[in-house]
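Step one of this worksheet: look at the structure below.
We call the chains A, B, C and D, going by the order they appear; numbering starts again at 1 in every chain.
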Amino acid sequence: MFDKLDEIKVLRDPIHGYVKIEYKVIWDCLGTKEFQRLRRIKQLGASFMVYHTAEHSRFSHSLGVYELSRQLVFDNQSINDYLSEYEKVCVMLAALLHDLGHGPYSHAFEAIMNTSHEEFTKMIILGNSEINQVLNSYNENLAKDVESIIAKKHKNKVLCQIVSGQLDADRMDYLLRDAYFTGTAYGEFDIARILRTLLVKDNTLCVKESGIHSVEDYIMARYHMYWQVYYHPVARSYEIMMHSLFKCYFNYLSKGNESIFKPFDDFLQGDISLQAHYQMDEATCNYGFKLLAQSSDKVLSDLATRLINRDLFKYSDIKNEHDLIAKRKEITEKGFDDKYYVLHDQANQRPYQPYHGADENFIYILSQDDNLKELSVLSPIVRALLNVEDQNDIKMYYPKS
Amino acid sequence: MFDKLDEIKVLRDPIHGYVKIEYKVIWDCLGTKEFQRLRRIKQLGASFMVYHTAEHSRFSHSLGVYELSRQLVFDNQSINDYLSEYEKVCVMLAALLHDLGHGPYSHAFEAIMNTSHEEFTKMIILGNSEINQVLNSYNENLAKDVESIIAKKHKNKVLCQIVSGQLDADRMDYLLRDAYFTGTAYGEFDIARILRTLLVKDNTLCVKESGIHSVEDYIMARYHMYWQVYYHPVARSYEIMMHSLFKCYFNYLSKGNESIFKPFDDFLQGDISLQAHYQMDEATCNYGFKLLAQSSDKVLSDLATRLINRDLFKYSDIKNEHDLIAKRKEITEKGFDDKYYVLHDQANQRPYQPYHGADENFIYILSQDDNLKELSVLSPIVRALLNVEDQNDIKMYYPKS
Amino acid sequence: MFDKLDEIKVLRDPIHGYVKIEYKVIWDCLGTKEFQRLRRIKQLGASFMVYHTAEHSRFSHSLGVYELSRQLVFDNQSINDYLSEYEKVCVMLAALLHDLGHGPYSHAFEAIMNTSHEEFTKMIILGNSEINQVLNSYNENLAKDVESIIAKKHKNKVLCQIVSGQLDADRMDYLLRDAYFTGTAYGEFDIARILRTLLVKDNTLCVKESGIHSVEDYIMARYHMYWQVYYHPVARSYEIMMHSLFKCYFNYLSKGNESIFKPFDDFLQGDISLQAHYQMDEATCNYGFKLLAQSSDKVLSDLATRLINRDLFKYSDIKNEHDLIAKRKEITEKGFDDKYYVLHDQANQRPYQPYHGADENFIYILSQDDNLKELSVLSPIVRALLNVEDQNDIKMYYPKS
Amino acid sequence: MFDKLDEIKVLRDPIHGYVKIEYKVIWDCLGTKEFQRLRRIKQLGASFMVYHTAEHSRFSHSLGVYELSRQLVFDNQSINDYLSEYEKVCVMLAALLHDLGHGPYSHAFEAIMNTSHEEFTKMIILGNSEINQVLNSYNENLAKDVESIIAKKHKNKVLCQIVSGQLDADRMDYLLRDAYFTGTAYGEFDIARILRTLLVKDNTLCVKESGIHSVEDYIMARYHMYWQVYYHPVARSYEIMMHSLFKCYFNYLSKGNESIFKPFDDFLQGDISLQAHYQMDEATCNYGFKLLAQSSDKVLSDLATRLINRDLFKYSDIKNEHDLIAKRKEITEKGFDDKYYVLHDQANQRPYQPYHGADENFIYILSQDDNLKELSVLSPIVRALLNVEDQNDIKMYYPKS
């Protein structure tokens, strides 16, 4: 149904050994400008400001998610039997393309736009893009089907679960990959065993009970990576300072000042075409900071210079409202505009929360007596973790001196 | 105070890179017959019947515990400052020698003796042994001090905690080592970070709050290793069958039959000298099984042959007493003596139980506000795990056909 | 043709992730007493006297060779296409069973027997053994075909090359495995790339030119492992002392003294049945040493005690004959019998020697212009290595004091 | 002499575990804008176009070289004894700062400038930079001494050898790091053993003979990394196309056309200040390509677009001059300007070439009889490798269709 390459292409990858590409449509997607753009977006945004080797891109991660989905649909007997070739290609494409819409330093960027990266992903796959042309050249339904898997709307629930469930190719790749590239041991778990014990039962992706300890380990790995890496306050400091810089530049423009860097203007003014999105990567973003750093506006110049040279705000916990009020007063007295110089954010993560939302949040286990059960029913560890109270980490950020 | 070697000796070790030996007394202990005997005792007893590469010895583990304790007392600034050179050498010796008393397949062996491996360790260190001679040749108090650390009775609590607390050189080495040699990922945790964040405060070994996630990971690693490796029912099957064989041989001797293998007789009859203990290793034990396998007693011969050729009993859960009664009936009807052919045991493990026993079970954290707190007070994860209900795994074992 | 198991069996293995068993005949062979015996033979003989963690068995190695051969015949497209299912099962069985004939501390043992381990392997596979019964129960030609592959006599040369060529499953497993279990980095090479670039061309197993750097690395890994591990003088000291002990016991018996340990007598007197071979493992051997250590013969007792407690002879290079003569004189003057107390041996290894022997020593490369060429024709590195002069390492061994 | 930080700073690093910073002057250098700029320069230039995960920066590498030099000067007893504290700090600073002068995609950039990265490094350390201010604030000789180590001109030869000899912190870090981040196994060698066997003898850095096998392994690792990674033709294709683009833009400006991207103009016109160098990083470079891609000049636009979207030229070997002439003709006939569309380069590497240049190319071994000898005198392997003939890899590059 789908043409294969004359020879399987193999790309060296430290996480999976090799990424193997057999289908022509996958290879063609790799060559599009929208996919190549992901080389210029770091997977972990500002985390390399803390973990200096966290410099890997969304391009590498996307290949990894593709490879895991490929192993799932071909090497896992149960999934292999359950899916048609068309569905397999769809799910591998969804895995490969699920992050197309990301911008540089996603959190800071999405905060200034009205459009999420998910919407951009949809626009790229369905809109006027090289990706869309490639997909259409193979099958007229392909773009639509791939997009519906990424959007978790495809009628075959298993396809959605493979790409983005609770125990999916996306998360499994990023935990392993981010652990490898940060050099931490937190994100490691027994991927081989999970891949081997996954299966489809009653049209649901689930894990055999013999694999339950690997899943517990995965839950813990995820939890630790959030607190040790993803929510690290130094990275949050960088991103919230970037947000402050964009706010400042927006106000600067609003006052009728002349544009300093056109690509930023488009984004701040909500005029975001696919072409503008394509141009906006970390190279563009970082070059823009250099121009802002040369501005005569003192705040713009100061914030941009700090971002470039990693002269970041320090941080402390906000225990009650008075902390923030006191800090604003203190910083203002030192001559800073507290609107841009006293910032705050909040991080929140619990290990596993199946009952907060739809049942798509469930991890299913196939018990020894052949019934599907939600993970915490069978795992005393996970059952205990359900009772972990919310950990709210509320912090403020401000200049050192 | 203690002589050093002309040149530091280094032994290649996959877990710690190198084991480094600087003191002559350590090197001399390595050369004793009691320490060399540990080469002939597997670290994990019968686990190699499940994980075929779990063939590493207590000799390797003992070197690893020594090396970790060496790193703790010299490379950790806080502990280094806290201890005298004499105490450092004592704790390294205690680490090296803590397992001297182990027999082959410890669980099965201890079940037939009236003496625990801890008592043998004490007898070797304080009694008429090459080890005792070496220790005495350096300092007349050394043997006594080393033994009191191993027995957790030394007045300097930190020395005991380094060798066998809740977060000690013994457990940290065996989790990492057993994970490496079984090829499982369960026992891995961030040892470098724990070594770095340990310190002495108020005469107590504790971990800085910034290392708390590594400790949570360690708790989970320990828990998973218990269920995935240490309590694996195939290894339990092997050990309980060995126990059954010894019981059978004891009864055989009690009936006035002639001895088949003298070294077993001594142990079964409680006549256990240091010399008998020294002779009893896995070579002796396995050779003894071969002689029992050639016995004319059918049960002795059958059980011994099964052990040698890994023809193990199968197992199933005991859900209530009737299961066991029914199984005994069934097996008896098949012509087996259920005394030796229907066996049962129980495994039990919770992730962390600080309040079940003395406060020596506590893991202490030094909070950011500089107070010692028990781990679960500061870790919401560990607090949740305290509520994990007891997992009793009660199984019975019986012939396949 | 060959029955498959209801469910694929998977065994955890640190080198290959999992060993996967799909065919019933493979599983049945695992359960035989002859295969289980390999658990009681160390892969590296006395090397654990130097590298303390080199305690892995020939059982583990045999499973590893089986797994690599399984990957080669099923996952490598070219080999998969080239072989019939019968040939695939034959080659996997040959890989699994190729080391059956090994005794404990092979070098020392073979030196006292007139029978090589290869001959024992043949006797077990073709003779009156459980292995032979299993093979016969599947196909009457199976035992013969498996044995001819192991003996490199099978008419299909590719089958022999997979199991024991120059770039074969046996060597690839032992280099990786021995590196892992000794904790050295020398034995590592890019196995994934070699597995991927192997193929069958003109009825010959060869490597695509794009994989040539991996093969160069493998040649170097092999060379380094020989000098750093396999020929380490401490292990050679242990084995040559064992040989001296056997020689001494043989003379002791020859003088009409009463037997001390019957299993040794059989071997020394060349009366070696399959049953005697089956009984002779490291447990038996080590137990025998204990009995010899209690002998009233001073040399027997001394040598055996030294072996048990690792009180090994020291060593030095023999630069000319006078060195040995002088040492004999010196040791004799100290009251030792130089026949048993001054020993010598020789180790010799070159990196790659294709032209010393039959062309079975060739590693073939498929050049970009589609011709089979011997490795050194295409690799300037290997071509240079052909000129490495012989490295003869001649050593003598004698008591320390 | 040099102030220490209140608390040792530790940075997680996948290659060395942790990078440890004890001296304030090191920490201050990390915070300068010139050092932070290295975050925006990839260590391997265009290699991530082949090995997609080779995205690590010169920032990470510089920290790694620092850490290795720190381990050498403090943890290696012989070097520790040999150097004063001042020399130790100098050598660590030289290690940290040795790559400051690099531009983005060094090979392409240096080809268009008249200034090498070594000269820029010197200008930054000695000139008007934040780095220079930091160094001067500690000691007035520091900048000069650090620079002379980097330039291999310092009178204490050992300092130069630690940073950039034949077996130095720079190469050892990049081989291990590049192997890790590409996911290849080629660059691995036994760093722990080399660090342990290095020592100073007769004012020369050398390796004890017992470490010679690790050095042989290192030589092979280096050789393989060159051919498998550093000289990979896809990366060379990217860099030579970039060079062609710059040549084209230079001619475009020469003809009097208006500037498209000012930062490129400065470099092309040889007007290179420290400020211009500071601004020129990969963000600037990549943003410049986007502007060139929008140019109305067809060649500029085409080449820039190809670089951005990885639409690279294909390549083939040049076996004689006619190949190149024929290709130029063919490409011209297809309507391309062969000046920009038929490119060629040459790569050349031999494993170890001590006698081609000064004796700074020697690796010294301290023989067992306590004499310094050049590596190939003692290593038969390396002696053989001296005879490896030159491998000239001459390639041409041109559009696919």
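We adopt the following convention: contacts are C-beta pairs under 8 Å (C-beta built on N, C-alpha and C of every residue); 3 or more make two chains touch, one makes a residue touch a chain.
Values in this document were obtained by computation on a predicted structure and should not be read as measured data.
Chemist: Please state whether B-D or B-C has more C-beta contact pairs across its interface.
Modeler: Between B-C and B-D, contacts are more numerous in B-C.
Chemist: Counting only C-alpha atoms to place each centre, which chain is farthest from subunit A?
Modeler: C
Chemist: If you average the CA atoms of subunit B and of subunit C, how many Å lie between those two points?
Modeler: Averaging C-alpha atoms per chain gives centres 32 Å apart.
Chemist: Subunit A to subunit B: how many Å between their CA centres?
Modeler: 44
Chemist: Mind checking the centre-to-centre distance between subunit B and subunit D? Centres are C-alpha means, answer in whole Å.
Modeler: Roughly 50 Å, centre to centre.
Chemist: Which positions in subunit B are in touch with at least two other chains?
Modeler: As it turns out, subunit B has residues touching two or more other chains at 17, 184.
Chemist: Touching subunit D in the complex: which residues of subunit A?
Modeler: Residues 11-15, 17, 31-33, 36, 39-40, 48, 51-53, 55-57, 59-60, 63, 180-184, 279, 281-287, 290, 308-311.
Chemist: Would you pull the subunit A residues touching subunit C in the complex into a rising list?
Modeler: Result: residues 10, 17-18, 192, 196 of subunit A touch subunit C.
Chemist: In their complex, what parts of subunit D are in touch with subunit C?
Modeler: Where subunit D meets subunit C, its residues are 184-186, 188-190, 213, 216-217, 220, 223-224, 227-228, 351, 380-381, 383-389, 391.
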